[in-house]
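Next come two complexes, and both contain subunit A; in the first it sits with subunit B, in the second with subunit C.
So, the complex of A and B:
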């Protein structure tokens, strides 16, 4: 059977044991799902099976499944680099995808990045990475350390950085 | 009970979700390959700033595929010195020197500082460019190139090379053998370029576009390129290349779409 036309649904189960149901044809955007179902290069499968995603927690997997379902209906148009604009909305014009990441907190955003990477969902990885990139754009290292709560450099490290990057400080 | 830690952050009011206090573990969960993807949406100057954040981000920057950097100012000249080791995965490098800009008539040359910086760069630092092992495109436009720079002619992945308005840049067509993947060669106004067009035979299977214009020391017979299987465009205007159009048989130049020759034919 051709996986793209597969009408059956499967369940993805999170670390917390919650299951989320979706059509196999939508779920297979995640390469981890294809691999678990032994989908070959021609996209042929027998009968799709449920997949446990133990590295992803429930709230995050719920969000991922929401993405997969929608992507199957309306694919994300490719994000052009170099970026056209320095805002997320300027680069992602599709309203659904703009809203998808609107109002989510920073830990959830990073969870999504990690989940997209682990589940090998390229469009979700592109989208979430772009969101983070736009948050970082134009900010100084110190601002980013404060925002992301990263420990300060030791005085020696700071000295090296200043020496390496004198051109930034001169600017 | 430990004293309550008071953190006062100075931020711009426009910061949105990013402005919340975040558990450090959350940032640490991102692996450097993912951080490299995040960085690849940013310009080189932003990435250079990011790599100051911490060691992990510095390692991630090293893996980031950086699209394009243009050396066109004193600041960028200095930046490139660091970039050569900090962001080695650069895809495209442009060096746009002041050589092609006209001099200002009032005697004040606003490019003087830059000219000095470029002169210093080309004499002392140009070899660091060879650190960019993954370079795909190299543009040298009117840069302050004066002399021979053999280290510039060794990029295994280079696909497009453009060298224009570099009258004192001494090089030979034979040196192009250091670019085994070269598809497009675009050379304009290189009076100090020498060589026989036949030496391009080492790039026979990759070359799609050959444009050598205003290079009066380039010699040879264009028929040497007749059997290049990918070649679509050949432009040899104002060179010393010769050849007899009458020699072209129906099996030659099968893929060619556009040909311009020198007037000497």
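So, the complex of A and C:
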């Protein structure tokens, strides 16, 4: 059976044990699902099976499934570099994808990046990485440190960095 | 149910279900930085306190700093998420971080690199070159300059971090003065022109180390091809033209990197070969040549001796020679230079340049296309913006026109310059100009920023214009000029002829005001101040000499015309007109009187001088000579001041010859 035309649904189970049902044709965007179902290069499978995603927690997997379902209906337009705009909304014109990441907090965004990376869902990875990129764009090193949750430099380290790279800065 | 493994995890290990699946093989950068992320985690573990918050300057700045929670949540939710972010959020996976960094322009990439060592070491040459080329501007120019040196393998290979610094430079890396925007061509360092040519020591260049003991920071030194040693030794030509020897050539001077230098982090920077190395290379060549000659001589000797020595010894010598030949570089091509660069100057192997050069070559075409697309997009956006502005201004002018009184409605609000503006591509320029200069001046702020025009402002503007047009109409009726006064009567006739209606004012130009007519704000201010004669004089660029000329007694004119032609008469009238001041409207009458007086005196003097010239200048040449004196302001000024005709003649006699 060709996977693209497969009408069957499968369940993706999170680390917490919650299951989320979705059509296999939508779920196969994730390479982990394809590999788990031994889908060959021609996209043929015998019968799709449920997959446990042990590295992803329930709230995050719920969002991933939401993404997969929608992507199956309306694919994400390719994100081109250089970015047209410094804002996420300026680069992603599709309203659904804009709203998809609207309102989510930073840990959830990072969890989504991790999940997209683990499940090898390239469009979701691009979308979430773009969101992070837009957050980092135009920010100072200190602000980036806060966003990425990196410990602050000690005053001595800060001073050394400033002294060593003085010709980079305007002030 | 199956357990998900990462797509590139080949081993099927069901017993390891509880473990997180292995990750797929990563790109070079990712593999390199995997260790680093672990290091980052360690760094994170070392510090138990959350990062300190920056002091907030104002409300706006505070909101900006909370960018991670930039979405539309309520503020408490925003605080909550921020709280979570600092405590709970896991670091982004390495693969994904590389993905994130690939979207970023060089400046943001640099800021990321400044955050911690792990992220800094995640930066690759490929990432920097791509980012710089794709995002254009000065970083792209720096990469292009570097490429011209890198493809010749003539500079030390910059590390990714140095490359990132070069892409983001804002000041000279040696003296820290601003004004340097990109990498210096031919040197591959971020240096200002001053440091390149004069080497004035800056306040901040103490960190730069130099391998030699010289105290000068001058970056280049001239090697002259006019020197005798260059002309006598052709090998210098070979050295100077070798691709890995970088210099900037200006006439007979080759400017070389003055000495070997390292940047603040101890990385070697700039060209491989310095000014001093040129002579060292020549010395090395001479050494090799001597050795080769000695070897040849030894070989010749060994041929002669071979008959007398044993076969075993000959075989031994032969083996030794072969070994020596392998070690010594060839002198016929640049091999010996290459050998010297590697052994003595620590020149990097050519493979080290490959990543930069390949990335540059692969990206530059894409960058060009992106740059073109970006330009086109920018142009189309600008054109749309300009068209929108024109539409808005046209609407304002139409609305305003409806409020202007007839019959000047159309004329007063007639505009031009729209087509020129749309073609210019300069969106900040004024998009249209009104043919009536004073209305144009009043409306200019609204034409530049149409959104400033409110209904109230439009109503007020219309009233203002209507009042002014009424005043101008009244001015042109000339009722304020009396028929009893000589000057005023003459002026009335003259101005009525010149300006029978308002339309005539639109044809009134002066070279001083360019293509616009004379209905400027100054003209309107004169009318508003009740200076009607002044306003009319302004239209004539304050020159009422034509009135003077027509009101001059005919006898005097007839007498004058004995020598002077029409042009000279007009000129004389003009000179006469400007003999008085112009404080207020009374000046015109005064100037009129003074002008008449001067005119009469000047005519009489010209006539008298014409008679005095008898015997000195032929009669047929005399009028031309006198006209020349009048037309030349300096000659005429002297002529009127000087009483002695002999002296005048001495000064001006050459005019007869010319």
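As a working rule, the second predicted complex is superposed on the first by the 156 of 171 C-alpha atoms of A that agree within 3 Å, B and C clash if a C-alpha of one lies under 4 Å from a C-alpha of the other, contacts with A are read in each partner's own complex, and residues count from 1 in each chain.
In this text, contacts are C-beta pairs under 8 Å (C-beta built on N, C-alpha and C of every residue); 3 or more make two chains touch, one makes a residue touch a chain.
Please read all numbers here as calculations on a predicted model, not as lab measurements.
Colleague: Would subunit B and subunit C fit next to each other on subunit A once aligned, or clash?
Modeller: These partners clash in the superposed model.
Colleague: Is A:120 in contact with subunit B, with subunit C, with both, or with neither (first, second, both, neither)?
Modeller: A:120: touches subunit C, not subunit B.
Colleague: Go through the superposed model and pick first if A:75 touches only subunit B, second if only subunit C, both, or neither.
Modeller: After superposition on chain A, A:75 lies in contact with neither partner.
Colleague: Is A:107 contacted by the first partner subunit B, the second partner subunit C, both or neither?
Modeller: both
Colleague: According to the contact criterion defined above, which of subunit B and subunit C contacts more residues of subunit A?
Modeller: Between subunit B and subunit C, C touches the greater number of residues in subunit A.
Colleague: In the overlay, answer first, second, both or neither for which of subunit B and subunit C A:133 touches.
Modeller: both
Colleague: Would you check which partner chain A:51 touches, where first means subunit B only, second means subunit C only, and both and neither mean what they say?
Modeller: Second partner only.
Colleague: Applying the document's definition of touch, where does A:13 land relative to subunit B and subunit C: first, second, both, or neither?
Modeller: second
Colleague: Answer with first, second, both or neither: which of subunit B and subunit C does A:34 touch in the superposed model?
Modeller: In the superposed model, A:34 contacts subunit C only, not subunit B.
Colleague: Looking at the overlay, which bit of subunit B runs into subunit C, 59-67, 185-193, 221-229 or 239-247?
Modeller: Among 59-67, 185-193, 221-229 or 239-247, only one stretch of subunit B overlaps subunit C, namely 59-67.
Colleague: Going by the contact definition given at the top, which residues of subunit A touch subunit B in one complex and subunit C in the other?
Modeller: Comparing the two interfaces on subunit A, one with subunit B and one with subunit C, the shared residues are 79, 81-83, 103-107, 110-111, 113-114, 117, 125-126, 129-130, 132-133, 135-141, 143-151, 161, 164-168, 170.
Colleague: In the complex of these two chains, what residues of subunit A are touching subunit B?
Modeller: 79, 81-83, 103-107, 109-111, 113-114, 117, 125-126, 129-130, 132-141, 143-151, 153, 157, 161, 164-168, 170-171
Colleague: Give the list of subunit B residues in touch with subunit A in this complex.
Modeller: Against subunit A, subunit B makes touches at 9-11, 15-24, 26-27, 29-31, 33-34, 37-43, 45-46, 48-50, 52-55, 67-68, 75, 78-79, 82, 86.
Colleague: Subunit A touches which residues of subunit C in the complex?
Modeller: It is residues 1-7, 17-18, 20-21, 23-24, 40, 43-44, 46-47, 51-54, 65, 67-73, 77, 80-82, 84-86, 88-93, 95-96, 99-105, 107-108, 110-112, 114-116, 119, 134-136, 165, 168-173, 176, 178, 190, 204, 207, 264-265, 370, 374, 377 of subunit C that touch subunit A.
Colleague: In the complex of these two chains, what residues of subunit A are touching subunit C?
Modeller: For this pair, the touching residues of subunit A are 11, 13, 31-37, 49-55, 79, 81-84, 101-107, 110-111, 113-114, 116-120, 125-126, 128-130, 132-133, 135-152, 161, 163-170.
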